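So, here's a batch of structures to check.
You will see two complexes here that share chain A, one where it goes with chain B and one where it goes with chain C.
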Partner chain A sequence: METILNKLRKAAPAAALLLTVAAGTALQGCQKTNGNDATGATASALSSDAASQVYVAPGKHDELYSFLSGGFNGQVSVYGLPSGRLLKIIPVFSQHAENGYGYSEESKAMLQTSHGFVPWDDLHHPKLSRSKGMTDGRWLFVNGNNTPRVARIDLTTFETVEIMELPNSAGNHCSPYPTNNNEYVIAGTRFSVPLDMKGGTGDVSLDSYKDTFRGSISFIKVDQEKGDMDLDFQILVPGFDYDLANGGKGPSEDWVFFTTYNSEKAGTLKEVGASQNDKDYLAAVNWKLAAKYAKEGKAREMPANYYHNKMDKGTHTAKSTVKKKVRYLLPEDCPGLMYLLPAPKSPHGIDVDPSGEFMVVSGKLASAIPVFSFSKMQEAIKNKQFDGEKNGIPVLKYESVLAAEVKEPGLGPLHTEFDGKGNAYTSMFVSSEIVKWKLKDFKVVDRIPVYYSVGHLMIPGGDTKEPYGKYLVAMNKITKDRYLPTGPELAHAAQLIDISGEKMKLLLDFPTVAEPHYAQAIKADLVAPKSVKFHKLDENKHAYVAKKESDASVTRQGNVVRVKMTAIRSHMTPDNIEGVQVGDTVYFHVTNLEQDWDVPHGFAIMGANNAETLIMPGATQTLKWVPKKAGVFPFYCTDFCSALHQEMQGYLRVSPKGSNVPISFSTGKKKAASVALK
Partner chain B sequence: MKKQLIQFINRIKTPLKVNAVALVCAALLFSCSSEKKETKEEYNIKEETTTEAPVAAEAPAADEGKGVGPVKSVEVGAEVDQALAATGKSLFEGKCSACHQLSDQKVVGPGLAGVTERRKPEWIMNMVINPEEMTKQDPTAKKLLAEHLTQMTNQNVNEQDARALLEYLRQNDKSKG
Partner chain C sequence: MKTSSRVLMVVAALSLGLLFLFPMWKIYLKAPQYPEGLEMHIWVNKISGNTESSLQNFNILNHYIGMEPIHAESFKELTIMPYLVIGFIVTGVLVAFIGRRRLVLAWSALLMLGGAVGLLDFYLWLEKFGTNLSPTAPIKVPGMTYVPPLLGSKTLLNFDALSLPGWGSLGVFLAVVISLLIYFLTPKMAKPQEILRPKPTLV
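Let's look at the complex of A and B:
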């Protein structure tokens, strides 16, 4: 046994690792223990019945949908839990080669910004919409980090339906955080920037950081019925770096909390410059009071320039609006709006427990995890237990707001989630483990290794009033040796951990798409029944829809040729087109006539620079094509649809510019119709 | 035991050359924890049997030629209801004409001339409303699928609209010649 293992290890290290797993399992089977032996990290952590706990039989559905942000791919990926099966990728801030998002004429507007067309961004935090502090399965809000944007995904279609750019923001990281009834989605800037108060950043010397740079917190109002977003106002805050945010609940539900680092206001070599102070701050903002101040006229107005893009349900077409103004509040004008709580040291995650009493701050360079008490914070404000002020904002005394510190939790605490049973779980980036501790006495009770360098962790509903404390997902930054090698970069691992018992148990590793940041999960029952299965053709209001084959047409206006085409199993109408000339701009407006679930049709024509589009049942999508040479160009359906899918094709003739071939189009040759057709 | 072992190997089969060793490990596992293994097998069997079977067979309607679906009986008048047929016409043009001609010409699906003489009205409506189940369970619809090879599209037609379509097809058949 040893020899064979060693031989294989030489031949293929990863294969050998798999074998170690198998061997470890075998060993455990014999011992009938949960294996605390040190035969290998995997073996020791994996219980022998783990596979049956994540096994979802063919045809069976997963219990939960989880939404993992893909980080630098600008997408959200949807995984079923507990199986870890990838169900869907939702493009948000990135063009997507699977369904033409960002390529089709209808969706291009979604990626428009004041900087032009930005087809790629860094997406970090998915947050589910809420009712009464609980996820309601209607929408998912996500942030674009690099070119500051907030997007809304409609969970009936799993499609991005709205993207709003945020002015006065840079590195839109502590974002987006919905309040308990979706009144607002709140987004803070990670990087402070010098605002020129004219809608851009000032052209100032970088030495002037301390004096000229400011942060902003954006308050996006959400329509309660439709979900549409509107930037109501911003708060201009001191020039720190605002890292993460989280909302209160219960007694603290009027408040939202932001971690900050760089209270030093360093503008260079931040890894040193921003780690000087022993304590940075947790910024507590009373969002209800802020909304009241803004409504009552405390808000000032400044010029702005930002894009607001919306997908129209009826026309399947996105439109951009450019907004030119933004209202803002200054905390120094608004007493009671904002307080600073000293937090050690370079804090990252801020998480509020299900009761709304405890605010847990994870200081990535701190040795203990401070837990603040909301009721003590209220007392301290009442009794003015201040330790000076920063930019007119009162700083509360650390001891006056502290509930306790969790001692020696591990190295590099980042994020905390809750199981609803009185336990908190904190990810430890440096020591690669998840640490479980009790909110009752702040004592560590369990720890489990993860592979490796965990960032965020997620418990379904772990940031709501009632978490669903059955599973925990660890999202890891480094994966080396967990999978077969695939080049310099490996798929990042997510790990599913059973938290239903006293001891955490590792159940499953599954690879993710791009670096996973935060995630949220929800019971499938809350989303699945509302899922759109096809778009109703009757309700298709696209400007160039063809609702039946007899509506299909080819028309010329100047050098623009519009083809209104229909697709149904298994032909396109028209499938013979003539009269197009070199240099024409040809728009193929293709309507999928199907009213059947899961039967999209594709459309592609040789040489098109956008290449393809994909049309959902009942929808219309447009492919733009400028033919560069004369000849005959075939087009066809790219999404397998039926036994005669291959035959779903046609030809388009392109003649030289100025030729006299008239526009004509046809499909098949029909026999004389009977009387009823007249 | 041997059978279980083969099943296990099949389950973990990978393109890697690790089967031999995995086999040894597997053998180890089974030799000392057969109890566990049996539980697992039971679990699998249970799961397989509960895996969704194609819709529980309703009373085979084929004998009566009414097809499979929600429509059990339809009253048709001696004369064509012109208003209803007009509604059917517009529905037909939107949802059916991409694949069906009113003549005897096959396009994607069969030409529909004479269909109301060939089939019972219930069959026609069930075919319109419930095409997937029909091509799986109704012997006539099965044959049509074998002939035309394209699954009839579910155009999400409700019973009322299917009735109108039926009337339009009756009008077509009565007006010919």
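Let's look at the complex of A and C:
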């Protein structure tokens, strides 16, 4: 029986698609009342044994870690699969009051940029590091969209350890893509901008978009051992919008592909202006050749100004370096570097199947999903089957590279992942469903509704050579009636779908933190055994560490007072401090002396204008505090560490400016005051 | 004494070397919030744990009940005992050279005595640490002491304590058993010539 939706799909000519998009929500409404198998009938979509499939008994561990981006919260959230249990929130581009990230003196440098301190960003795409095309569980790379940055999270500590700003970039959405052995992490700009050729943007008329705006693709080199990043070079590309990136594997592993939209180069009302061309482009870049060109001196150099921030393991302290130049390649100078493949229409996802032969492009406004063939692309390049060029970059003939089109997949194809068993799964934003189709004959074989408006989807390892084809996670933008209402702002949802059989089966949905854009997942046993339990106190090289209670001190240097404090169950040393004056800058350098798993201590003081700090065992963290009035200020541990946690507290006395109360400190019986340094 | 007995006597003496390779005694603690358990290892010359920081973690727990912190420096025994053990090894080898049955017995008896004194000492310091609690301890349970078992298990508040000899003690056990076997299995009369014959290939 044909549904209303299917009738509509068939009837809708390409030109009417925009209208359909606009009517998407209304259509969902129709579907619901329609009551067929593709509708929102929750009960029928849920498999009867779903609960047992996602049940992870108390004390048992999940099979997989999944890392979901948080979008506008600038964080990554870690969920166990299949249970959907939230395990951790990792702050990356945002301050996190929970543990003082971005507030503590040690971590502030992580959020420094050429624009100053930028404590927020829009984090879209987590990507796991790779070895031989497979996720290796060492690092997670993520992008900051707004103030273009790429960050690295260390999966032994689940902490952000490095953030690099990208010059010549704006809206770092097309990012990050790690090559199959972490040789490079590649990041493309979403917005093209008028480059001033000094690493920034020029002061030009906005009417000059077509002539002056350009995009850039950054090649970040990754240290094979330590993971440290370094911006090796950039490619300056035509002034389109670059949306997503993904790399080849097997035969295509030297290549990385970028979806583009706004090939019209509209600078205003892009909603219409960037939706005119029937085809935009898939940009194919031979990254190995690019690296070779850059190495062989084809790269030019321009001045730049961007920040590179790194957390040092030994000192537990982040440091910023300002980089002053960047190398770049121009595609027109570098034959064979880059080709454009026409792709309908405003494409979003570009996904290469596990064999490395098929490049699937999901055009948000397209009515079919084009699947390109890598071998045909190679053939077409050899035979020069070009359809003109754009900014000196050859455009390949659509038919010459096309393997097939997946017909009538649904509305608003967005992103495709693979199960390693010859199937592809595409998320359909407008028609709120996941569509399964076969790579063998490009025929749709199954579909399942999702609730609602799915953006990306994720199959663990679904972008690698060997996906773990047991589960699929749909990341939805709208939840409406799925959970108890919480006012105007509702949780977003991730839905776990069983893809082990012929038919997809909904198993579970769980609320997520902020807006999940994309996710990666990895088998737990690749990450869990390497998890750090505590930092070794012996290896703590913090400038103001106190490794034992007798190292604790309070010293004055002008109007700076440094408190070297220790914390251990269940007291702080010192816990009585006097001699601080109004207007002093007080640094509490707190070292957690514990050498046991899961015993952090917190430190908070009344009236602090930043946050608390949460200090992991063996580490040192610093909270800055400027007292504004005289009096006695309590401080305490904020992490329930022991039976005597409530007693883990102390007092600091603040005297008026110029008072003659000497610096003194003690725990228990009073110790002699340390010498004040003038 | 026969050559084989002498060799065995050397083995008995050297088996005491296990004391330097393994702990003599192990105390295991387990509680709901310590699923991984905590182990204290008592060696002939040091106190350690199953991890580098076990001792610190033991002491953190003990401070709630007002127990004195445990450090290797708290025990004079640990500086004396290694020399005693080395003494036993050296004299044991000498006994093997001399080959006198009676000396074997004497060595064995002394070793048993030493072991007994060691055990008693161990018991005394368990007793001392477990009962000598600070009057200002944060947690005071009326009538409660925290003496871990010398051997076997016992419940101390939320902890299950288990105390067992370690592989090091096996050295003492072997030394005693082997030397006693030598004593009882060697014929009473030994030929003096045999004793005087040099045995350069003994070890």
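Going forward, the second predicted complex is superposed on the first by the 628 of 678 C-alpha atoms of A that agree within 3 Å, B and C clash if a C-alpha of one lies under 4 Å from a C-alpha of the other, contacts with A are read in each partner's own complex, and residues count from 1 in each chain.
Throughout what follows, a residue touches a chain if its C-beta (ideal position, glycine included) is under 8 Å from a C-beta of that chain, and two chains touch if they have at least 3 such contacts.
Predicted model, so just to flag it, every value in this text is computed and none were measured.
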Partner chain in contact with A:Arg569 - chain B first, chain C second, else both or neither: both
First (chain B), second (chain C), both or neither touched by A:Lys60: first
Touched partner set for A:Asp596, first chain B, second chain C, both or neither: both
If touched residues of chain A are counted for chain B and for chain C, the larger one: B
Touched partner set for A:Ser52, first chain B, second chain C, both or neither: first
Touched partner set for A:Gly392, first chain B, second chain C, both or neither: neither
Touched partner set for A:Pro335, first chain B, second chain C, both or neither: neither
Which superposed partner A:Ser550 touches (first chain B, second chain C, both, neither): first
Intersection of the chain A residues that touch chain B with those that touch chain C: 568-570, 594-597, 642-644
Residues of chain A touching chain C in the complex: 568-570, 594-597, 642-644, 647
Complex contacts: residues of chain C adjacent to chain A: 36, 52-53, 56-57, 60, 63-64, 138-139
Chain B - residues contacting chain A, complex: 16-18, 20-22, 24-26, 28-29, 32-33, 36, 40, 43-44, 47-48, 50-52, 85, 89, 93-95, 97-99, 101-105, 107-108, 113, 149-151, 153-156, 168, 171-172, 175-176
Interface residues, chain A side, partner chain B - complex: 1, 4-5, 8, 11-12, 15, 18-19, 22-23, 25-27, 29-30, 32, 48-49, 52, 55, 57-60, 534, 536-537, 547-550, 566, 568-571, 573, 593-597, 599, 642-644, 668, 670-677
